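Structures for review follow.
One chain, chain A, appears in both complexes that follow, with chain B as partner in the first and chain C in the second.
Up next is the complex of A and B:
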C-alpha cells in the first residue's frame, strides 16, 4: 500500500520538478521572484482546456498550441513588466511586487472570460495499468513519460550544448557574462520563452488529470518554489531532486495523516530545512555579504 | 446611510491592517506576506475571549494584542536567520500554516463552518455594543488612536531607527543599535495592531471563518500598501481608501456582480504594476522598497 503512495508521489514530484525548473530558469538568471508564474500556469491550463473542450482539437495539438501561447505570455511578462523596471534600475523587490500585480491581472482576466467554477478537460475514465499492487492511471502514465522525457532533454541541453552553457554562465554571474560580449537581453528573452514552455507543460499534464480553476496557480507555484529551495537554489538539476523529494513527502503525508494537512507539513519541512541547511539538500554553501 | 457607515467601518479595519503592514514592510524593509495570518489569529483569539468571558473591551483588546504579538516572535525569529526571498517564502509558509490550522483544527475553530453568533464588544461595564452606529464611533475612535500612534512612531527615535535599518542595516549595527530587537518590536506591534483589527472585524460581523484570512488577503493588504505608498502614515491610509472605495465606485457604474469582482482585482493589479514603474514609493509614500 505504501508503495502506491510513493509512486503517486514520484509522479507528482515530476510535475513539481517541471514547474520548479520553469520558475528557477527565471529566478536563477534574473534573480526576480517570478510570482507571475502562477498566472502563467493558470493561463496555460485554460488555453489547453479551451482548445480541447471548446475547439475540439486533439490533445497533442491542443497542448502544443497552449504551450506556444504560454511562451508568448511569459515573454510578454518580461517585455511589459520586468524589462522596463530593469531599465529604470528598480530593485528586485520592486520587480516582485510588480510580478504580484501581473499575476493578479492574468488570473482575474481569465476568471472574467471563463468563469470561476472548476472545469474538467476530459471526463472519460480510462483503463488503468497495474504492476502487481501498484496501479497507474492513464493520465499518470503520460505525466511520468512526458515529464521524464522533457526533464531528460533539458538536462542534456543544459550540460551538452552551447545554449545550456550560456544559461549556466548567466545564472553564475550576469556582469561577467555581459563583459565577455554576450547579449544578456537576448538570452533573457530565450530564458522567459523556455520558462513559459516548462510552466505550460507542467500545467497541461496536471489539468489533464485533475481539472482546473482560476485559483489553483498560487498553491502549486508555492509547492514548486519549496521544491526548488529544498533541492538547493542556484542550480537546475537540484530542482528535480527537490521536486521528487517534495512529491513523495506530500504523498506520505496523505498516507499517514490526511490530505488537508499537506500544506502545513510541506512548510514545516521547509522551515526546518531553511534553519538547519539553508543551501538546500544539494546546494552550495554561499557566503553572504 | 447604514450602507455608508458599514463601508466606513470596513475602511477603518483596513486602515489598521495596512498601517500595521507598513510598520514592517515600509519602515524596516521586511517584506512579510503574513499580515492576514495575524489578522486571523487576532480574530480567533478575540472570539474566544468574547464568547467565554464577559470582559470589558480594553481588557480583551489588550489580551488579544499581547497573544497575537507573541505569535509574531515566530516571524521575527525567522527574520534573524533568513534574508531576502527566503524570508518572503518563510512568511508565506507561516501564512499557509496558520490558514491550514484554522481550517482543519475543527475541534477548536470549527474549521470551514466558521463561528457564528459572536457577541458584541462590551464597553466599560456591561453595555454591549450593537448596530452600525455604535461600531462606527468605536472604530473611528480606535483608528484615530492607531493613526495618532503610528504617526508619532514614524517621527520618533524608534521609527527613525527602523528607517535607518532599511537604508543600511550594517551601519546601524555598527552604531551599536540592537537591530534584531528593533525588528522584533516592529513585528510585535505590527502583529498586535493587525490582531486588534481582527477582533473588531469578528465582533462587528459576528461571524468568522478561515476564508477571510488567506494568502490572497495578505497579498491584498500588501497591494493596498504599495499602491498608497510606504514609509509614512499618509500613504497607507490612501491605499486603504483606494482598495475599499474602488469596488463601491464600480458598483455605481452598474456592472454585473460576476464581472465586477474580477474587474476590481484587475484594476488593483494594473495599479500595482503602474505604481511600481512610475512611482515606486507609492502614490503618497516616502520610502522606496530596497
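Up next is the complex of A and C:
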C-alpha cells in the first residue's frame, strides 16, 4: 500500500519539478520573483480546457496550442512588464510587485471570461494500468511519461548544448555574461519562452487529471517554489530533486496521517530540513572570496 | 559625466577625459578612490550610457553600443570583483569566452552535431593551449578542467579569469585592479599573463593601486584626478611627478 503512495508522490513530484523549472528559469536568470507564473499557469489550464472542451480539438493538438499561447503570454510578461521596469532601473522588489499585479490581472480576466466554477477537461473513466498492487491511472501515465521525457530533454539541453551553457552562465552573472559577448536581452526572450512552455506542460498535465478553476495557480506555485528552494536555489537540476522530494513527502503524509495534514506536516519537515541545510539538498555553500 | 546622490546633490565625476591608449602597449590608469576610473571602464565597455563625448576604437565610434556588441568588436574586460562563473567548470568558463559562438541556438548541437562537435574540439584545444602557455606543460589546471569554478581560490580565479580573456580574440583589454586581494605569488603570475597578452599583440589598459606593479608592467601611465587626465606619460615620469606624489601617493 505504501508503494502506491510513493508512486503517486513521484508523479506529483514530476509535475512540481516542471513548474519549479518554469519558475527557476526566470528567477535564476533575472532574479525576479516571478509570481505571475501562477497566472500564466491558470491561463495555460484554461486554454487547454477551451481547445479540448469547447473547440473540440484532440488532446494532443489542444495541448500544443495551449503551450504555444502560454509561451507568448510568458514572453509578454517580459516585454510588457519586466523589461520596461529594468530599462528604468527599477528594483527587484518593484518587479515582484508588478509580477503580482500581472498575476491578478490574468486570473481576474480568466475568471471574468470563463467563470469561477471548477471545470473538468475530460470526464470519461479510463482504464487504469495495474502493476501488482500499484495502480496508475491514465492521466498519471501521461504525467509520468510526458513529464519525465520533458525533464530528460531539458537536462540534456542544459548540460550538453551551448544554449544550456549560456543559460547557466546567465544565471551565474549577468554582467559577466554580457561582457563575454552574449546578448542578455535575446537570451531572456528565450528564457521566458521556455519558462512558458514548462509552466504550460505542468498545467496541462495537471488539469487533465484534477480539473481547473481560476484560483488554483498560487497554491501550486508555492509548492513549486518550495521544491526549488529545498532542491537548492541557483541550479536547475535541483528543481527535479526538490520536486520529487516534496511530492513523495506530501504523499507519505497522506498515508501516515490524513490529507488535511498534508501541508502542515510537509512544511514542518521542510522547515527542519532548511534549518539543517539552508542551501537546499543539492545546493552547495558558495566559497567566500 | 556626473552623478546624483540620495540627497539630490550632483557631482561631476568625469569632465573632459581625453585619453589615447597606444596600440600594443600597457597603459595604467591610476588615481584616488572615487575619481571615476571604473566609471570610465564602464563607459568604454558599454555599461554606462548616460554620458556625453566619444569613445573611439580603431576608428569606430562606440557611443551607446550595447555591452555585448562592444565585446564582440574586440574589447575584453576583467572586473574588480567578477571572477569565474560559478556553477560552470573551468573548461566551460574558457569555452564560453571564445569568440566562436557556434551552436548558440538551443538545438543546434542536435541538428548540426558534426559541426558543433568540431567547433567544441577547437575551443577545448585553444583553452588547453592557453593554460599550457601560461602555466607550463603538465600544470595542475589541465587536470582540473572539469572542476566547478567555486573549487578554485580567489587568487586562482583571478589568474584564470585573466587567462580566459585570451580566448576571446580581443584587441583591447580593460583590466580593473587585476592584483587586488591576491598574494605575491599570484601577482607574479598576473604580471606574466599581462606580458603574454602584449606579446600576442593585445593592447592593455589597466586600473591598479599597486604602484610597484604599475612600475614593473606599465609602459605608459595616466593619472586621473578631479575628472580629467591630469598627467600622461612614461610610467616612471608620471609616478615620480611631484604633483602626483603629493596629491595621490601622499608623499
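Everything that follows uses one rule, which is that the second predicted complex is superposed on the first by the 285 of 289 C-alpha atoms of A that agree within 3 Å, B and C clash if a C-alpha of one lies under 4 Å from a C-alpha of the other, contacts with A are read in each partner's own complex, and residues count from 1 in each chain.
Convention: a residue touches a chain if its C-beta (ideal position, glycine included) is under 8 Å from a C-beta of that chain, and two chains touch if they have at least 3 such contacts.
Because the structure is a prediction, the values reported are computed rather than measured.
Visitor: Does chain B (first) or chain C (second) touch A:161, or do both, or does neither?
Guide: In the superposition, A:161 contacts chain C only.
Visitor: Where does A:252 make contact in the superposed view: on chain B (first), on chain C (second), on both, or on neither?
Guide: In the superposition, A:252 contacts neither chain B nor chain C.
Visitor: Contacts for A:59 in the overlay, against chain B (first) and chain C (second): which applies, first, second, both or neither?
Guide: After superposing on A, A:59 lies clear of both chain B and chain C.
Visitor: A:134 contacts which: chain B (first), chain C (second), both, neither?
Guide: A:134 sits against neither chain B nor chain C.
Visitor: See if chain A has more residues touched by chain B or by chain C, and give me that chain.
Guide: Counting contacted residues of chain A, the larger count belongs to B.
Visitor: Please indicate which partner A:10 is in contact with in the superposed arrangement: first for chain B, second for chain C, both, or neither.
Guide: A:10: touches no partner chain.
Visitor: Can you tell me which positions in chain B touch chain A when the two form their complex?
Guide: 31, 78, 81-83, 85-86, 88-90, 92-94, 96-97, 99-101, 103-104, 215-216, 219, 222-223, 226, 258-259, 262-263, 265-266, 268-273, 276-277, 280, 288-290
Visitor: Which positions of chain A touch chain C when the two form their complex?
Guide: Contacts found on chain A: 157, 160-163, 165-166, 168-169, 171-173, 175-185, 190, 194, 234-235, 284, 286-287, 289.
Visitor: Mind pulling up the chain A residues that touch chain B in the complex?
Guide: Listed in rising order, the residues of chain A that touch chain B are 33, 81, 84-85, 88, 90-91, 93-98, 100-105, 107-109, 111-112, 115-116, 215, 218, 222, 225-226, 229, 258, 260-261, 263-264, 267-268, 270-271, 274-275, 278, 288.
Visitor: Touching residues of chain C toward chain A in the complex: what are they?
Guide: My answer: residues 45, 47, 66-68, 71-72, 76-77, 79, 82-83, 85-88, 92, 95-97, 99, 101-110, 116, 150-151, 153-154, 157, 168.
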